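Consider the two complexes below, in which subunit A is the common component and subunit B and subunit C are the respective partners.
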Partner chain A sequence: MAYAIETKKLTKYYGKARGIVDVDLAVEEGEIFGFIGPNGAGKSTTIRTLLGLIKKSGGSASIFGMDCEKDKVKILSEVGYLPGEVFYYDNMRAVDLLRYSASFFKKDCTARIRELADTLSLDLNKKIEDMSQGNKKKVGIVQGLLHAPRLIILDEPTSGLDPLMQRTFFDLIQRENERGATVLFSSHILSEVQRICDRVAIIKEGRIVDLRSIDDLRKNSYKKVSFTTENPIADFSLAGVRQIAHDGQQTSFLYSGDINALLSKLASLPLIDADVSEPELEEIFLHYYEDGEAAK
Partner chain B sequence: MNVFRFELRRAWMGAAVWTLVLIGLLSGLITAALPAFLESRTGVENMLANFPPAFAAAFGMQMDNLFSFAGFYAFGFLYYSLFGAIMAASIGLDLFSREKRDKCMDFLLTKPRARSRVFCEKLLAALTLILASNALFIAASLALYYAYAPAPLMPERALLAASALLLTELVFLAIGACAAVFARKVRSVSGTATAIGFGGFILSALHSILEEEKLRYITPNKYFDAAKAFFDGAFEANYALTGAFLTLALIVAAYVRYTRADIPVL
Partner chain C sequence: MHLIAKEFKSGLKPFLFWTLGLFVLIFAGIVKSMGAMAEGQFMTELIGRFPRIVIAVMGMLNVDISSFGGYYAVLMQYIFVLAAVYASHLGSSAVSRESIDRTYEFLFTKPRSRSFILAHKMLATMAFLTAFSSLNFVFSLLAVKQLTLQGDYSGVFARFSLAIWLVGIVFFSLSAMFAASFRAAEHGARAGNLAVLGAYAIAVGYDLVEQPGLLRLVTPFRYFLQTELITGAVSPLYAGLCLLLSAALLAVAFARFERRDLGAL
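And then the complex of A and B:
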């Protein structure tokens, strides 16, 4: 079976600097696949290798069974790409840029440009350089989707979009997915990936450190807990607690387990304040470091 | 051919302005300055005799043939080739650094078009602009030749001399394209093109002052000499071949770089 995206031991070095090492991915057709990792982990390097913007140092990469370097032109006719930061030509109206973009595809994209612009409330007659960052991003979304691609590659796509527009954007991506498009969604924000993805690969320092379904990730997801008590607490024990730290009256830790058990435990303490939130990605990744160290 | 059309639409205005400047300079020199020179020959000769020889050589004022249409055209060619060099370098830099300057390499290079074809369409657009500009310049040169040159006329020599600008511009187009492709950043097209054009002009002046023949091999403005074309009916083969080889080598280098380089994250 041909995967929408398949990489085997994909490696990229920039001179001696590490880009990605032995990245194995298999994204099935029709799924929304999350690709998550902190900045500098290798997400963009992987994506740029898939798109033929950079040449691999080793391994293989294919899209719809076609080699990413040899069959680049055929592949790109099936791919829509939205980078994290969007830049376009100076002194051009959005509609002119989108027409130019459409001229690379052997299909009439006029109706779809209108439809996407209406969905995103984008004024096509405005010059791009006069637009806010959010509106420039909308132009990027339209140019990435105007040819109804089979594969949509999104690299940190929500930066610059306000929360309302983010919701519209996610709805749009889900509609594209229902139409049959496969989506590779790269992000360093866990909640974004959890929101729409079926599976997620986690990349750290150029290597894939985990690959799991979103359901599995949710079950094993951590909460960041911190609380302040009237007097310092010397001992706090509960199954599922890790990385506990005491700082005077304040205690903080990561928790994975039954939320009711956590709340019962907290309720038994003389609390002044308490906070339960989503941990930073770096804090979650400590778990992978610890496991890696333990394995050694 | 959408990249070709896009580049033509973006760049034709600049090329048109440069063409007007070139034809204006040519017309001004031939219709106004040449008759004035010929009418007051003795006064001009006395004035030029007082110039330091190196200064006169650097600015193309050679007394032996300045008072003829061909000599005066060759004198003017130093300046046409300066302006033409800036125009051609500017076109090369503009077209081949457009995405780099606007930080939208990702936009163009993730479209279903081979980089080799994008390069060729950009090159074709640049050549179209330069050929169109030179067609007008050559037509103006020939018209002025018929109007102002004394008999016997040798239009084939005038045509060859006028085409020296086209050939010189091709060298500078290649220099501009290569600079655009190899530079990490191109901050200002006009500034860089002016520096390239004046670099060629200074080399040309140095060659005229020093009369060092080896220097001519690195002087793009003198590979195709309009004076030689007018007076001998041909360019000097060794320099013309150097110019042709350099142009080809620079274009090949730019092509290889453009089609193979990694596109870094912005």
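And then the complex of A and C:
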């Protein structure tokens, strides 16, 4: 099966500085794939290698079964890309920039430009230099989608967009996905990834540290536990407990393990209140970093 | 909008500024030529009192400025430098502009090869250089009409303009090669400007020494000697050398640009 995106041991060094190391990804056609990690983890390096902007140091990368370096031109006709920060030719009007962008594709994109601009409430006649960062981002979204690409690569796409526009943007991406487009969604904001992605790869210091479905990540990983006792508890130990915090009578932690063992332990305490819930993705994500710190 | 059309549009404003400089220099220079020629004997004596190196730096060592041809050759010496600086700017800009403006993520993620994009950018910028050289011819013709000169100088103007174009493409290609080779854009641009300065210094050295030998090969500013351009023709040997050198430098520029990582500079 040809994946929309497939990398094997993809590695990039900038001189001696690490970019990404042995990155293995397999994004299936039609899915919305999240790619999360903090700034500097290697998300943009991976994306730029896929797009042929930078040259890999090792490994392989392919899109729709085509090699990212050898078949770059063919690949790029199928790809729409929205970078984290958008920079365009200031002296151009949005409509001129979008027509210029469309001129690289062998299709008439006029109707699509209008449709996307209407969806995003974008004034096409405004000059780029007179636009706010949010409006420039909208231009970026339209130029990334105007040729109805099979693969949409989004690198930190929501920065600069207000919450209402973010919502519109997510709806738009989901519609593109329903149309059949595969989406690679890179972000350091986990709630965004949680919102629309099917699966997620977590990258840390240039390496993929985990790859799983969003549901799996939430259901099978950790529970967020907090309880209140009559008197403060100085010591609470149980295998699988992480990030324990005491605040007066209240104790909270993340738990991974046998739920019965947890309930037995809690039952032995003089509880006033207890709460077991799904943790936020941010809280789960923190472990990948704590583990790394502990290993050092 | 086509890639070349877009490049034309973005390069038009700087081109107009350079053209304005060219216009002022040629009109002011040529209109003043009558005065210089009228005072020919005095000017020659006056310049003769200057140290040889100063005369060489001014490009007056091997020409008779009491004649219009000689005077025009000195004026063209400065136009050669002007064209070389402009060509150097065009060459480095064709390679680095998108990275400097951080628009590379827009342009180089479009379904075209890097070489295709670079070739189109270079064609557009090369057209500016060609227009600059052509305007040198046109402005010279227009300016000389203001004078009451005997004879037809259009051949001289055409030879100088062609020589300016040929020298310009060498510096254009050299700067493009530097820009594609250096990681930082300012280093590439600086190397291009230093090449112009260095070549001019060598040209001065060429004028000063009795037997310059192969020194002429090192500086494009002396590929076409003033005396040859006034009286003779554009040397086919050096014209060929300019074209070959440019082709080789551009080949290196394309190869390096194809291999490099694109990023903000």
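To be clear about the criterion, the second predicted complex is superposed on the first by the 225 of 296 C-alpha atoms of A that agree within 3 Å, B and C clash if a C-alpha of one lies under 4 Å from a C-alpha of the other, contacts with A are read in each partner's own complex, and residues count from 1 in each chain.
Note that a contact is a pair of C-beta atoms (placed from the backbone, for glycine too) under 8 Å apart; a residue touches a chain by one contact, two chains touch by 3 or more.
As the structure is a computational prediction, the values presented were derived from the model and not from experiment.
Partners subunit B and subunit C clash in the overlay (superposition on subunit A). Residue contacts after overlaying the shared chain place A:143 against subunit B and subunit C alike.
Of the two partner chains placed by superposition, A:168 touches none, neither subunit B nor subunit C. Once chain A of one complex is fitted onto chain A of the other, the partner contacts of A:55 extend to both subunit B and subunit C. By the touch criterion defined above, A:105 reaches both subunit B and subunit C.
Residue contacts after overlaying the shared chain place A:76 against subunit B and subunit C alike. After overlaying the two complexes on the shared chain, residue contacts for A:87 are found with subunit B and with subunit C alike. Contacts of subunit A with subunit B, set against its contacts with subunit C after fitting on chain A, overlap at residues 14, 48, 51-55, 72-77, 79, 81, 83, 85, 87-89, 100-101, 103-105, 143. Only residues 2, 6, 10, 98, 102-107, 109-114, 260, 262-266 of subunit B touch subunit A when the two sit together in their complex. Interface residues of subunit C, counted against subunit A in their complex, comprise 1-3, 6, 10, 101-106, 108-113, 259-263. Of all residues in subunit A, those touching subunit C in their complex are 14, 48, 51-55, 72-77, 79, 81, 83, 85-89, 91, 96, 99-101, 103-105, 143.
Those residues of subunit A that touch subunit B in the complex are listed here as 14, 44, 48, 51-55, 72-77, 79, 81, 83, 85, 87-90, 100-101, 103-105, 143.
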